[in-house]
């Protein structure tokens, strides 16, 4: 076979290329020809096809994502916004924090362990590439029905993969989510978040400038992994009846990544790096074109110098390979020797594969012949933009009309008690410690809060106690009922969780998991959710700093529930002031903050007791969320509250169960005037939290709430070894614990 | 002059910085040691920290055991230098035959991370002198290859000589024989255990207690005294 | 009782970090001349009853669906003599 | 290049939870008649040069000191035909 060089392409304009097989549309191919003024070479086609895929180019989503920039709130804390590997926020004392959540959904369904593991690996490299030391990970997960046989295959594999990779890297896992719903049966969602810390002056960007600077590829050798994975995975719905479509799976090597982290941090420390980019989706195609287009000059790469694991790889394959644990750095010639020494110290293979040039083109050579000659920006950023049609689905009205308020409620106290136990034992509400105990939460010695707390919290300065808190949330059931409100509810919940831990919410990252953008109903859900999230972030003053979109999460014509997962980052000046969820001391007074309304649409109760999804989700009030957060933060700072737990799915009874079991103490509860016991226990009105206040602080605390206009209702006291709802029922803690903690091990152990 | 306590970093070691911090909090001088260097920088004692050295590939500790630094550590340990192996460090010590037995995959096959109760069974080793015999402590446990096994004869010998240094309480988290969480050599200078005392040295962090600090104050006293 | 062995190895194109780590360690231990190491799993099955064609077919199926993950692994079934 | 295989199995008296987990899962998957399962490791070594007695002796030593931990494991060295 003759090599398809640029010269050859010019001479054979009519040669047919497999653009269709690579996932390109006819007009996209025409556009490439127009850009180049000739037909692309095979290598060029490979690069354009991966970079213009949905996954890399955001072609269906970018017209909507624009809002995150347009509606960005004024926020002095934002140091680097959307567009870089991850956003960076100022957390004070000279520190900056970068965080991002990303999806690895499709690969995790095919090969749960490796899919999840490489998902963690990928997001960690993104954070590293910003110049930060990664300090924690989180894993928002969604699976099919808990009792479905395939969930028994997927969940243990995913959990072992998240743990296997993160534990081996030495990153504490400080939180996440586990949600079961049959809508995720063929499309589990594996999202992964990483947070990193650096000093302001250490921020690094992905750009290649300075003619003569060297392009250094370092880390693992390049193999035949995941070739075409990007385009095939993201452009088409995965269909497991056709094994031929299965992309090659990537296998991760966390040990290699750990070396990559230490080695990279050391070259940063010695200021040897002018620009840096991790290799993720689209591998070298992505790294070289993005580095070159963000810089001032062009770039020349000799592909022969790329260290290979498999000597038979073609140049196209080398460009598309998604082998894990690789990074690409731009280094001034005078620093190359030292850079190499540090790589050698860490047993990391490093190779100069090219250099930054005076020109404006990205030129790639193979055996001395030119196979790529493109304007890098056209590959990296000028992919197609679709204005996909969207329309509110015709079933939406009927779904919203099917009000959960009409569902039969428990008629007797006995029935109420039964439903409480059923709720806290249901897979979604049950304790997840069987899962989270497979993750190291202690490593690095800075973990202040981890699962099952409302937010994960790590200390970033041992001397001052400065720390950050993070929570991720997303409720696909709410979003299905109303995607605009659903996205805001996810935001509100994560925001509230962070505030409940005592930290001040600062910034947002998100992972938008949806079905096929080619379905106008799904596209409408997507448009509504992004609009809701952007409006919500503007209102709360928390900018979106970055995130990820995962589309085509559907089986046949059936899409998953729209699932915007929102991560909120907060800062706390001294982690000693953090608020845990545990009711740990008898005599603490329990206060319910916020208003409780009859809101059961999309609720856990409607799902667990009636297998019902309909009506409207609870009503969001972002001003109220803000006020609640201020009270929670002041309460923590001024030592007025000993414990706090936000109220979300499952309502009050779920929160009280978790806090009592965590502290090993019971509670006596009184149904407040004006509420019935059922609504009191199960309503999911947002903007609420339950707090435990020492008697000595009661007056100060209620005065503060009163002065600021936040309803605070005394609902009981921490006491004994049972949860008692006066006049209704009593459940001994032991019985509650068995119900709440037995479910997940019984399903998966 | 205070004691110099070395902490070895192998490729893949994770808890080295935490161990250095624990040494500092105990009042000793922390010294970083690198796996490729044979020299021990005149330290008085060595900690082999936790993690996944060499990815735990082949067997946990199997590859690290052959590093240059271990040649010296093995030598010095045989002539009495105190060595503490935590988790991966314990695995390295068994692979190096400084301690008997071996570590295998947990009986439930999962990585497990929990607050673990232990009993200090031998308060006379170089690393436990600050505890009273029988003291119950709570420190984090986190591993996947934590099941201690040895031949019956070896176990009997360990018991008879009081060389079971720590035993799991309440729950045996991994199927370790005779609930063994940690052991010592006959001389009491080499100690290995699976749980992580270096993660229990500050309020708030980890378990939120300081039950693990005694390991580091013990060695400080011991090395300053001698 | 008869013994059937199932050897499961990563496919050649799939990264084998364990094998690599072993190979890289060998020269340091003074063992030269090993060009490549791959590490896989070996299952020893004790089979009740005769190991006839039907039994082997079942074991083959078991290996394919359960013992190996054929997305990334190959396997071989052997009757131990 | 010649291939030498080293099989490493836990000693029979050592509990093998991985093998047990496999065995327990089999009936649920519809595979009956497997009385016992043990899971071990298989190393495939590609040897430069001839696999003569000297080479095999070296590989034996490598297995004994490195590939297997003889406190808990047994091993077998085989030349692949």
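Residue numbering begins at 1 within each chain, and the chains themselves are lettered A, B, C and D in the order written.
Everything that follows uses one rule, which is that a contact is a pair of C-beta atoms (placed from the backbone, for glycine too) under 8 Å apart; a residue touches a chain by one contact, two chains touch by 3 or more.
Values in this document were obtained by computation on a predicted structure and should not be read as measured data.
Any chain touching subunit A that also touches subunit D appears here: B, C. The distance from the centre of subunit B to the centre of subunit D, each centre being the mean of the chain's C-alpha atoms, comes to 30 Å.
The centroid of the Cα atoms in subunit A and the matching centroid in subunit B are 36 Å apart. Averaged C-alpha coordinates put the centre of subunit C at 9 Å from the centre of subunit D. For subunit B, the set of residues that touch two or more other chains comprises 54-55, 57-58, 66, 108. Counting partners per residue, subunit C has 17, 21-22, 25, 29, 39 as the residues that reach two or more other chains.
Within subunit A, residues 253, 255-256, 347 each touch two or more of the remaining chains.
The list of touching chain pairs reads A-B, A-C, B-C, B-D, C-D. Those residues of subunit B that touch subunit C in the complex are listed here as 54-55, 57-58, 63, 66.
Touching subunit D in their complex are the following residues of subunit B: 58-59, 62, 66, 94-95, 100-102, 104-109, 149-150, 175. Across the interface of their complex, subunit D is touched by residues 1, 7-9, 19, 22, 25-26, 29, 31, 33-49, 55, 58, 61-62, 65-67 of subunit C. Across the interface of their complex, subunit C is touched by residues 110-111, 114, 220, 223-225, 246, 248-251, 253, 255-256, 309-310, 323-324, 347 of subunit A.
Of all the residues in subunit C, the ones that touch subunit B in their complex are 17-18, 21-22, 25, 28-29, 39.
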